[in-house]
Amino acid sequence: MKPFLQVKDLCVAFPTEDGQVKAADGISFDLNQGETLAIVGESGSGKSVTNLAIMGLHNKSKTQISGSVTLNLPNQVIDVISSTEDEVRKLRGSTMSMIFQDPMSSLHPYYSVGDQISEAWRLYNSGSKADGIKRATEMIDLVGIPDAAKRVREFPHQFSGGMRQRVMIAMALVNNPKLLIADEPTTALDVTVQSQIMQLLKDMQKEFNMAILLVTHDLGVVAQVADRVCVMYAGKIVEQAKIDEIYYRPAQPYTVGLLQSIPRVDQFHGKRLTAIQGQPPSLINLPQGCSFAERCEFKKHVTGNLCTEVAPLLEEKADSHFARCHLSAAQIQDLAKVAK
Amino acid sequence: MSATTKSVRKLIASTSAIALVAAVLTVGSATTANAAPTTGGTLYMLTHADQWEHPDPQRLYVGRDIAFFNTYVYRNLVSYKPATGPNGATLIGDLATNTGVPSNNAKTWKFTLRAGITWEDGSAITCEDVKYGISRTYAQDVLTDGPTYAISMLDVPTLDDGSSAYKGPYKKTGQALFDKAITCSGNTVTFKLSRTVADFNYAMTYPAFSPIKKLKDTGDKYDLRPFASGPYKIDKNVIGDEMHLIRNTNWKKASDPIRTPYPDDIVVQFGLAEELRDQLILSDQVPNAVNLDALLPTNNKTFFADATKADQRMNVNDPYVRYYAMNLSATHMDCLEVRKAFFFALNTQALIDLAGGSVFYGAPGDSIMKPNLGPDYAPTTGNIHESFWSINGNPTKAKEFLDAAKTKCPAAYTRATSTGITMDLPNTATNQKGSVLIEDAMKAAGIVIKFNFIPSGVYYATVKDVTKQNDISSVGWGPDWANASTVIPELFIKGGGGNYTQTWNDPAYAAFKVKSDKASAETNRAKQIKMWQELGQTIMDNYWIGRPVFTKTQLVWGSKVAGVGFWDPQGTFLFPALYVKN
Amino acid sequence: MSNNILELENLSKYFTTTSGGAFSRRKGVVKAVDSVNLTVAEGETVGLVGESGCGKTTVGRTVIKLYEPTAGKIIFEGEDITKYSRSKMKPLRSKMQMIFQDPFASLNPRKTVGSIIQSAYDIHGIKPAGGSENEIRSLLERVGLNSEHINRFPHEFSGGQRQRIGIARALALKPKLIVADEPVSALDVSIQAQVINLLDDLQAELKLSYLFIAHDLSVVQHISDRVVVMYLGKVMEEASTAELFAAPRHPYTKALLSAVPIPDPIIERKRERIILKGDLPSPMNPPSGCVFNTRCWKAADICRTTAPQVLQISPKHNLACHFPE
Amino acid sequence: MLKYISRRLSYTIFILILISLVVFLIFALLPADPAALTCGKTCNPQVIEANRHRLGLDVSVWQQWWRFIVGLFQGRTYGEAEALIKCPAPAFGYSFNRHECVTKIIADAFPITLSLAIGAFIMWLSIGISLGVLAARFKGKFVDRASTVFVLIGTSLPTFISGILILLFVVIKFGLVNPLDLGNWANPFTDPLGWLKTFFFPCLTLAFAYAASYTRFTRSNILETSTEDYIRTARAKGLSEKVVLRKHTLRAALAPIVTIAGLDFAGLLGGAIITEGIYNLAGLGRLSIRAVLVDYDLPIILATTLFAATFVVVMNLIVDILYAFIDPRVRVG
């Protein structure tokens, strides 16, 4: 059986006055029904750009997109990139939905949450306005907002941040989508609320058998929910593997750096964090070789100028474990232990 | 026509109207009537103003408006002959059969009413109506603004505060006193005057002496719709919109030696934006209209340069003299040398050019009276006739006078050269620009001058107040009728209606007053003329006024209006002759 | 003798608000900070944690007197500065500096880095010994920036570099105390570690004291010597970092810690989470008794009626709870 | 909500009372003496005093003001005996210049001003908003650049120039309207064609400048709103661009226009001085400007000032209430 979502060689570029910005470059991954894939990366690494491309939300006149995003639906196979705007639009909100980082600004301030959810439902279902509100109430109840019948008539500003994100989720799920893209869904929320929302997403995934594409920079959240992880850096996927592989057997220096640089609440590291030095490169003038080379602690273990001259390819370093590095997985894991 | 109200109105509307005996200097043709007048049609009159000054006869004081109402709506005991040129100043019995019979050294005057004179409701106009009308002048608090000849001439006692013992027909205080001053005997009205008034019948041309039907008197609101006795009556009068006159069917041609009503309707369009009004005339969109105002300066030039409009315009001398009133009671201006320095320093040409040029605005004058006033004017000597007078100003000579002041009146000198002289000006754009010209000219002569700009609407009321007037005020004046008795005593005798010069402290004043009083009471016109001319010279010799300007006015009308002439005594269109071509 | 550089005694800061919409302008009092006691010793880092709206930021701003306290005392270096006027505060200001969350918003975009730091000198009329330009250059080097960047503008820097500029500006006046309000939460993970390390190094080198305000417990745990947990304007628990994270006594602290995700999938799979029910109550209308009672799984009647006092339960461990764990 | 409105209303009334007092004080401080202005040739102090009494100016400013306030409720009389003048409540005074109670004068002038304001309001909103929407929708295209030219001309050309231009070319040159009909009042309900004849071009003139700034405002608001997160959400829902623009972008982008439009409209209700002047419309604007510059007619100045202020204050209230219906965030807490 084919994976539900197949992204192949996706490139997204924005022409600017200073030159072309390659925001996403050769992104490929699969995602199966009921699975959660986390895309991890820092700001500017291309993770949101990738999502918007999957949703077909880029302004086509200002963006150059190539590659394919294939959805293998039961009765049709559709490529988002080559389809017309109208065809893609009909997938949005029905087959695939999206929730965003800031639930306050992502809800229209002038419409009640019921209206907004009902609007999404009525787009794909024939039903009266009252039916829409009824459905919205059910959804609000489903995502765990108490007193749904009353709150369905309220406006976004009357909800707390966590509740707003629940509303967003209710709206995204109202048409039983097959794919949910969650773009930093908990970044703007407090940690207590964050765990509630992540739990909710997990529950919903079970209930609807959805594929979730989770975009985040928080490796803690990833550890909590993801099945597989893509690590992105400077517009490219630098590592992709099952979750345990990533955390316990990282095969890419950037991933190693990320894992080592974050303080953990359950461990007392001593006084110093292992930081990744320097800044990410500009996406307009990417270095010739490995885009992480400049910051890489391990490049001295690579012979010659390989790192700065030859860009490493995404290779399968172990079973279903892909990484972009001139060093082998074993080498990296050894070096990582030393660094620790 | 004396009185501030009037000069205020007219001068603010700049050259908006009027001249007295202008025939001599009339530039345009005096009349365009060369075909037989036709009856019918609608005659439009265009104006920027929102309303006439006052339709209420007892409150009316502006020449143009008097001419309008007197021609169309109501009649006086005596009126001017409807003719152009000097004939226009001839008096004709209107409601009266004659022009008045004086007796008792012109202290008693008798007028006899015609038979068949009626109001618009058909009722007869009676002597009591005349008496009632005149009595309204005394209700000064209700009926503001009108001329007060009745109060100053009729033999009704005055109280200690100078006001009349009679308080008008509404309060009725002192009614018996008034009833003695005017008496009715059948159709004869007899006036008893408190002093000799040789030209009392000229005062009678003012609607202030016209009758009012008591039953129709509505006090303040009478101004909205006076009851007609003339050939037209008011069908509609909306302030800021229009006044519509229709024929008065109860008016009989047989009873009226003066009026021939040609148009069927007369519509006065009020409140037109100045540019719109001008464009309507320029484009001849309303060919059956006369312009009651002056055109805006640029439009005026355009219109007068257009050869095809030659039959639709007139450029004439108006009755006004503009001058700078020296406040003789102010310590700066009580010094003759300082006044002379100001007089000769002034750059007249620049100011006239600013105001529209000598063709349209006027020329420097040599007296407080104007040649078109009639025989009371005579050219003076000195002032602008001095060899050293220059139309562009003569700062060197002015400096000499100023240096002379240094020894003769050191206090005034010091002020004029340090603290400075303050001049009152109405706050208009032209005056703002003019003040710069004046300042430059004075600076060249070593005089320091400052300006006090006063809102136009309250300008005359402010400078007339001796406590508010500054050293020099820019003012203007026009006579009420062709006699200097309506100019000299009003402007230079204490208590006069326009004594902006505050003459009473000047060394020359005492002798001046004696002579002026004598002239006013002189029944021999030839002797009187001589005295007025001498007084005119005295005013100039003492430099009581700064350089006068004899101003002009322009009248324009549409292509279908005919019979246009200039009515000198009223200083406006000869309304009785106007008609619309078929 | 106390070696505390900062002592807060029963510090309160209330805001009066017109809440709600146009049609119900009810006046309300928000007790943003309510009777908070807190000390920072010389060279110590005190972490102040809690959810958004708990009052931690208000504490920070009141300490440096951006806000006038409603009640209580602020004692800085043994001096009671609570009632100090603006002019009296001026010499003290150089000794306490603030670092903000958004490094971009707090830097004037029209000024070069050099003049931004220079203005700190100008305000206090300080002329550094080696000349201000040299001093600024060495400061930039000190915070890990190139001294050649002195003439650049803030927008030419990345977020992490801007935060370094903010730190350099704060350090220019050689402060004793730095109030750091979410200094790393806007930064990317890899950059965050750099800035935390920098703050650590500076403290060791310059004997700085930090009042470190953050919502990210991992960061707070890493950097702090002692941690204060706030909820709805009140202190819930206060202890040394090791003690608090190893054995939290307050249910709220416990819930808070259990919610923090750990970047370790195996641990995460095994973890039991305490999921707090409901939302944070409105600070306009806080619950009576213990402010946490509405969300506490242990709440009994006394919790709804009586607010627990902050009591010392062991040396350096304070707690406000009727039923500690 | 009712409570809020009543509270705002009483606040509004308080403001109006304050404004009336300030206006009284301002005119009391001016140098000109209205009583002296009524005085003719033989002006003596006695006549001035009599007139001062009749005009009601012989008492302190406070008393004059108090009489004014009382008159609003009880009506006023002027003069005495046979010359008595009565103005029924609400009496704003009596204009001795126009021989009419000010209330009646304003009642006559107001429909004209209202016609002008409503006509212009509809025109500028429809032109401004639709052009702004088009410009935003086709940003950078021909429509957008054309609208920029329109905005530039509209905002830089003063009304008195655009008004005269329209007047000269449309009215005089092409004779679309009989110039003598200009300013003629026609009831829009019984004589809509006559109303149009009188008001179409004045409204257009007035709308011109406003439409330009509303175009600019609408365009920039739409462009700004388009970048909002909730617009992205609307797209992510699967809504078509048309629906996104109509239902989501416009709703948020146009909400602030309610405030501006309300206040602009209120400003016009006080009189469009220049436009009314150019087109010979006897509305409140021309009334007040003539009262100030020509007649120095204190009661009219006072009443028109208060009238205009009332509209601004009341419209503020209405805008606030309207806004609450549009934006739920300001509604209930």
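Letters A, B, C and D name the chains as they come in the text, with residue numbers starting at 1 for each one.
Everything below uses one rule, namely that a contact is a pair of C-beta atoms (placed from the backbone, for glycine too) under 8 Å apart; a residue touches a chain by one contact, two chains touch by 3 or more.
Computed from a predicted structure; not experimentally measured.
Chemist: If I average the Cα coordinates per chain and compare with the overall Cα mean, which chain comes out closest?
Modeler: If we average C-alpha coordinates per chain, D lands closest to the whole-structure average.
Chemist: Between chain pairs B-D and A-D, which one is joined by a greater number of C-beta pairs in contact?
Modeler: Counting C-beta pairs in contact, B-D comes out ahead.
Chemist: What is the distance in Å between the mean C-alpha positions of chain B and chain D?
Modeler: Distance between chain centres: 39 Å.
Chemist: As a quick test, compute the distance in whole Å between the mean CA positions of chain A and chain D.
Modeler: 55
Chemist: Per the centroid of Cα atoms for each chain, what is the distance between chain A and chain C, given in Å?
Modeler: It comes to 31 Å between the two C-alpha centres.
Chemist: In whole angstrom, how far does the Cα centroid of chain A sit from the Cα centroid of chain B?
Modeler: Measuring from centre to centre gives 91 Å for this pair.
Chemist: Name the residues of chain A that each touch 2 or more other chains.
Modeler: Not one residue in chain A touches at least two other chains.
Chemist: Per the contact definition, I'd like the list of chain C residues that touch chain A in the complex.
Modeler: Against chain A, the touching part of chain C is residues 51-52, 158, 160-161, 188-194, 196-197, 200, 215-219, 221-222, 242, 245, 255-268, 273, 275-276, 279-280.
Chemist: Which positions of chain A touch chain D when the two form their complex?
Modeler: Going by the criterion above, the answer is residues 55, 57, 86, 89-94, 97-98, 100, 102, 105-112, 119-120, 123-124, 155, 157, 168, 171.
Chemist: Enumerate the contact residues on chain B facing chain D in the complex.
Modeler: 2-5, 44, 49-51, 61, 139-142, 144-148, 151-152, 159, 161-163, 169-172, 217, 219-221, 223-224, 238-241, 269, 271-273, 275-276, 279-280, 283, 285-286, 454-458, 461-462, 464-465, 468, 490, 497
Chemist: Name, in rising order, each residue of chain D that touches chain B in their complex.
Modeler: 31-33, 36-47, 50-51, 53-54, 79-85, 96, 98-100, 164, 167-168, 172-173, 175, 179-180, 182-183, 277-280, 282, 286-287, 290, 292-296
Chemist: Show which residues of chain D lie in contact with chain A when the two form their complex.
Modeler: Listed in rising order, the residues are 228-230, 232-240, 247-248, 251-252, 255, 326-329, 331.
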